[in-house]
Amino acid sequence: MSMKNTIHFVVLFAVMQMALVWALYIAPPDALQGHVQRIFYFHLGSIWPGFLAFFYVLYGSIRYLISRDLIWDRKSLVSGEIGLVFCSIVLTTGPVWAKPTWGVYWAWDARLTSTLVLWLVFFAYVNLREYIDDDSKRPRISAVLGIVGALMVPFVYMSTRIFETQHPKPVVMGDAESGIRHPDMNIALYLSLFAFTLLYIYLWRQGVKQMLTEDRLKKLRAQLLRLEGH
Amino acid sequence: MSGQVLSVFSAVLRKDLRRELRSREIFISSFLFSVILLMVIFYASKTSGVQLEAMSSGALWLCILFSGTIGLNRTHQSEMVNGCYRALILAPVEGGWLYLAKVCSNALLLIVMELLLLPLLVLFYHTDIGKNSGALLAALVLGTLAFTAVGTLVVVITANTRMKDVLFPVVQLPLVVPTLIAGVNATEAALQGKTADNWLQFLVAVNVVFLAAGFLLYDFLLEE
Amino acid sequence: MSGQVLSVFSAVLRKDLRRELRSREIFISSFLFSVILLMVIFYASKTSGVQLEAMSSGALWLCILFSGTIGLNRTHQSEMVNGCYRALILAPVEGGWLYLAKVCSNALLLIVMELLLLPLLVLFYHTDIGKNSGALLAALVLGTLAFTAVGTLVVVITANTRMKDVLFPVVQLPLVVPTLIAGVNATEAALQGKTADNWLQFLVAVNVVFLAAGFLLYDFLLEE
Amino acid sequence: MTLSIRFHELSKQFGETIALWRVSEAIEPGDRISILGHNGAGKSTLLHMLATLSKPSSGELTFSLAGETCDDVKKLRDHLSFLSHEPMLYPDLTALENLRFINRLYQRNLSEDALRELLDKVGMSDFGDRLFRTCSRGMQQRLSLARALLPQPKLLFLDEPFSGLDRGGVERMKALFADDQMSWVLVTHHLRLGYELANRFWILHRGRLLHSLQKRDLTYEAYIKLCEGSSMEASA
Amino acid sequence: MTLSIRFHELSKQFGETIALWRVSEAIEPGDRISILGHNGAGKSTLLHMLATLSKPSSGELTFSLAGETCDDVKKLRDHLSFLSHEPMLYPDLTALENLRFINRLYQRNLSEDALRELLDKVGMSDFGDRLFRTCSRGMQQRLSLARALLPQPKLLFLDEPFSGLDRGGVERMKALFADDQMSWVLVTHHLRLGYELANRFWILHRGRLLHSLQKRDLTYEAYIKLCEGSSMEASA
């Protein structure tokens, strides 16, 4: 581990601990929901870096198609993978939260559906390349899918904003007695957002490094095979 | 340039339509598939006690989605036989125009299919399709265009994979969900005599975004 | 004779399953596909104001129909590529056993898909699948078998005709309607805790008729 | 057990097109027949019917097994094999998996080693685990031959088996054809090989059987002359 | 306008398989090149890259149009044409409909008469209205050639164009190759034709370019010797 990485890791670790402490102990329980509401800090904390990751896929894929530089393919792939993980966290914390508050694990709320759609699209993005045999095709095809997938992000979210239909039990925000009122709640939220964002960056850098090392290994192995006469 | 574009456009359109008219393969299969779907949906909902009329917009869009997916798969398959898609790749034309031509021919077939489906809705579901036929047509055309805009792109994406038949619907359908929701709602409003401007605008936006994306990205898919 | 039968049976079964399971991700994709279908069906019927629970049997059978069609289509296509079906035709085996093996492999894949689907129904549609799980399983297995019995026969009928692409849906879909109606009703009853003996008997009858017909007729189809 | 085929006034029509018109001949054990003729002469059509893949529009086609007429197509197919224009192998299976499937389908119970040996015979021993669709054209053709040979047929039908093969491949194929246990019927446009390998020749022209000759009656020059005469194009 | 191609250290890998390894050469106007080599040598792979159908894994591939480097693939494709293993024609369209489609796609604006003339050149004038899929193998190969010639390319790539053709077909094809306006690169296993028609030879072996020779430096005997040396099988 380089110096930079070490520092990054230490900061990440510290912020994570602080976020945990604030979210689980210092922030007061919600007036209506009680302690269950604490899921919120992880729920929202993970989705924002998730969006960030998906937008990076868009950016990286465009860069790849223009430059045809494999590094951009690797960068966007890693970003997509992490985004998918974060999206999965939202999709598991959500139902866990939903059961005690709504009584069911799932309701066909526009927001839930759009999150699910996003997850499906990026699941396809991350996994599709497994099914493409030709190395030279793989980055190109998944870059196109990455762009199309990332275009969905604003769509799905706009659709829930513009057409506010019936949310079964709308998210409790800003209500008089519940919602983020207490300053400690705010601190917990920001800490957790910060922690997840740092985590994203850390994982992304490690992931890219790993992929590049793998690429080099492959190249060296091919050369070795060549030297040995097939 | 515009002469070139027209020539390519008409070449692809004519070829696809001629192939289709010769075999009527996609047409017949999507139409029959839709009839079956209408029946299944009817029987599925009979037990749930919904009113027939309330189901028509959803049933219509399920038919569009499902037979559209099958149709897109088939058209694309026909490009793969004998390596015909290579002829398209090797042609000295902008991929964007090829894409638009393909979207057009696919959408055209699907829209004709839908028009045939409407009388069936009247027959089977007692739907009154005349209340606001302008809005109905707008909803169908815009929705179908958005659907094929996504589908035509995705079918080529998944064609490069090993399990294309399985992966195509899996990749395509999530991308199509916003279109479906907007389409169902716009159609529902039209069937009730209203015009759902917001949903129609939404469909226009979806079309603009996906057609533009397809136009710009298709060339990148046309390599081997 | 029985050794021969077993050998052919296992050859076809293994080949088909290996092709499908080459990467066992086929289950993952059918799973995803089911998620998407349930989502799509929900949004298509949302405007009609049906109760979620009341929709499950219909939704389930729509999924079976659609995945089944994709699956049969895939089998069909994979036999056509490189003229592989000719290898089957030219093999010195009773067509009847080939037919049964194909039905088995097709039905097996579809049934596994359905089993994956049930938990999803619980999650997304709040369905209680435990009320009469025996009857539910019977309905699903019998219905799926009947569906593939017809589909497999028709796939090969059409594989040997010049108009294969047109004939496949034209012949298959109408033949499948009774199965679907019976399937939906039997499933609906099972979900309500009842056992729809008459529908199940009907399904058994359909199976007997189609499997026997397929077994006897298949040989005549194995010519060009 | 011997296998022979006789046909009398065999015709095949596709709609308006007459692909084959009143062809009569016989195939006896030990025959090695080359069928020659221009493009569209009806060679593949004839082969398809002899291989029990399609039925004649009119005419009689009689198979005899061990001297007795045999109507049971299944029994016949156990002794026939066909290498057609199409490889008849699954693109998504590897070479070996494809052979294993055929092995089971024909109930030949060959061991893994026997299958590998077969691959070796067609010069593909290094590529047993390669997916069929990633093989080059010539490699695919070799695998097709392996498929056709696997059931150890009494009678082998070959439709342009040399296309796409390199020299080495052709040599291997020639060696395999020399097997005395097997009769074969070969369609080819490679006149020299057609002469070298066969002991009988059928020359088709526009769906008719123009000549049916024994090699002993025919010098190479006379043969070439006949072939060139008939391989004038049908459309010319 | 002249078209030339140079490539330097061109390699292509499919997963672990190295199909082509560091091949460097150039194609100039007037070149008629035969590529020879065993099955799986990498001939088709090279042709695909030269025809802009696939990209190299590494190496440089430079196209020059009228002396200037040209990166616009679309412009290049206007002057290239490719006859591959696959016919690239729609089975459900007739021969003429297929040609009309290509005509439009390449914006060549040939008249109906010109299309019929083209059919005549490949000996298919009687079969213009026959569905492609009902044509015999050789007829399909002829139509593929017609498709490839239709755009009147500057440079034509041919991957085993003689397979399935009868004598008449081969003669016609040879005549069409004699066109002075057109350079071509031919992959074939037919050594004699490969020598007769070309003025340069590339000999590939296991993905490497073993020899690149001019015809004037090479007698037929020497050529055959070289080819046979390299057409030993890769797996042997």
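Worth a mention:
Think of it as A, B, C, D and E in the order they're written, each chain with its own count starting at 1.
The definition used in the following text is that contacts are C-beta pairs under 8 Å (C-beta built on N, C-alpha and C of every residue); 3 or more make two chains touch, one makes a residue touch a chain.
None of these values were measured; they are calculated from a predicted model.
Using the contact threshold fixed earlier, the set of chains in contact with both chain C and chain D is empty. Path length between chain A and chain D in the chain contact graph, taken as the least number of steps between touching chains: 2. Here chain D and chain E face each other with the same set of residues for the most part; over half of the interface numbers are shared between them. Inter-chain contacts peak for the pair B-C. Separating the CA-averaged centres of chain B and chain C is a span of 25 Å.
Averaging C-alpha coordinates per chain places the centre of chain B 38 Å away from that of chain E. Averaging C-alpha coordinates per chain places the centre of chain C 46 Å away from that of chain E. Between the CA-based centres of chain D and chain E the separation comes to 29 Å, rounded to the whole angstrom. Multi-chain contact residues of chain C (touching two or more other chains): 22-23, 25, 32, 36, 39, 43, 46. In chain D, the residues that reach two or more other chains under the touch definition are 85, 92, 134. Shared interface positions of chain A, i.e. residues touching 2 or more other chains, are given as 113, 117, 120, 124, 131, 133-134. By the document's touch criterion, interfaces exist between A-B, A-C, A-E, B-C, B-E, C-D, D-E. On chain B, the positions that touch chain A within their shared complex are 150, 153-154, 157-158, 160-163, 167, 170-171, 174-175, 177-178, 181-182, 185, 198-199, 202, 206, 209-210, 213, 217, 220-221, 223-224. Across the complex, chain D meets chain E through its residues 14, 17, 37-40, 44, 85, 123-127, 130, 134-139, 141-142, 160, 163-169, 189, 191, 227-228, 231-236.
Across the complex, chain A is touched by residues 13-16, 18, 21, 54-55, 57, 206 of chain E. On the side of chain C, the complex with chain D involves touching residues 3-4, 7-8, 10-12, 14-15, 18-19, 22, 78, 81-84, 86-94, 223-224.
Taken together, the chain B residues at the contact with chain C in this complex read 23-25, 28-29, 32-33, 35-37, 39-41, 43-45, 47-51, 54-55, 57-59, 61-62, 65-66, 70, 73-74, 77, 162-163, 165-167, 169-170, 173-174, 177, 180-181, 184-185, 188.
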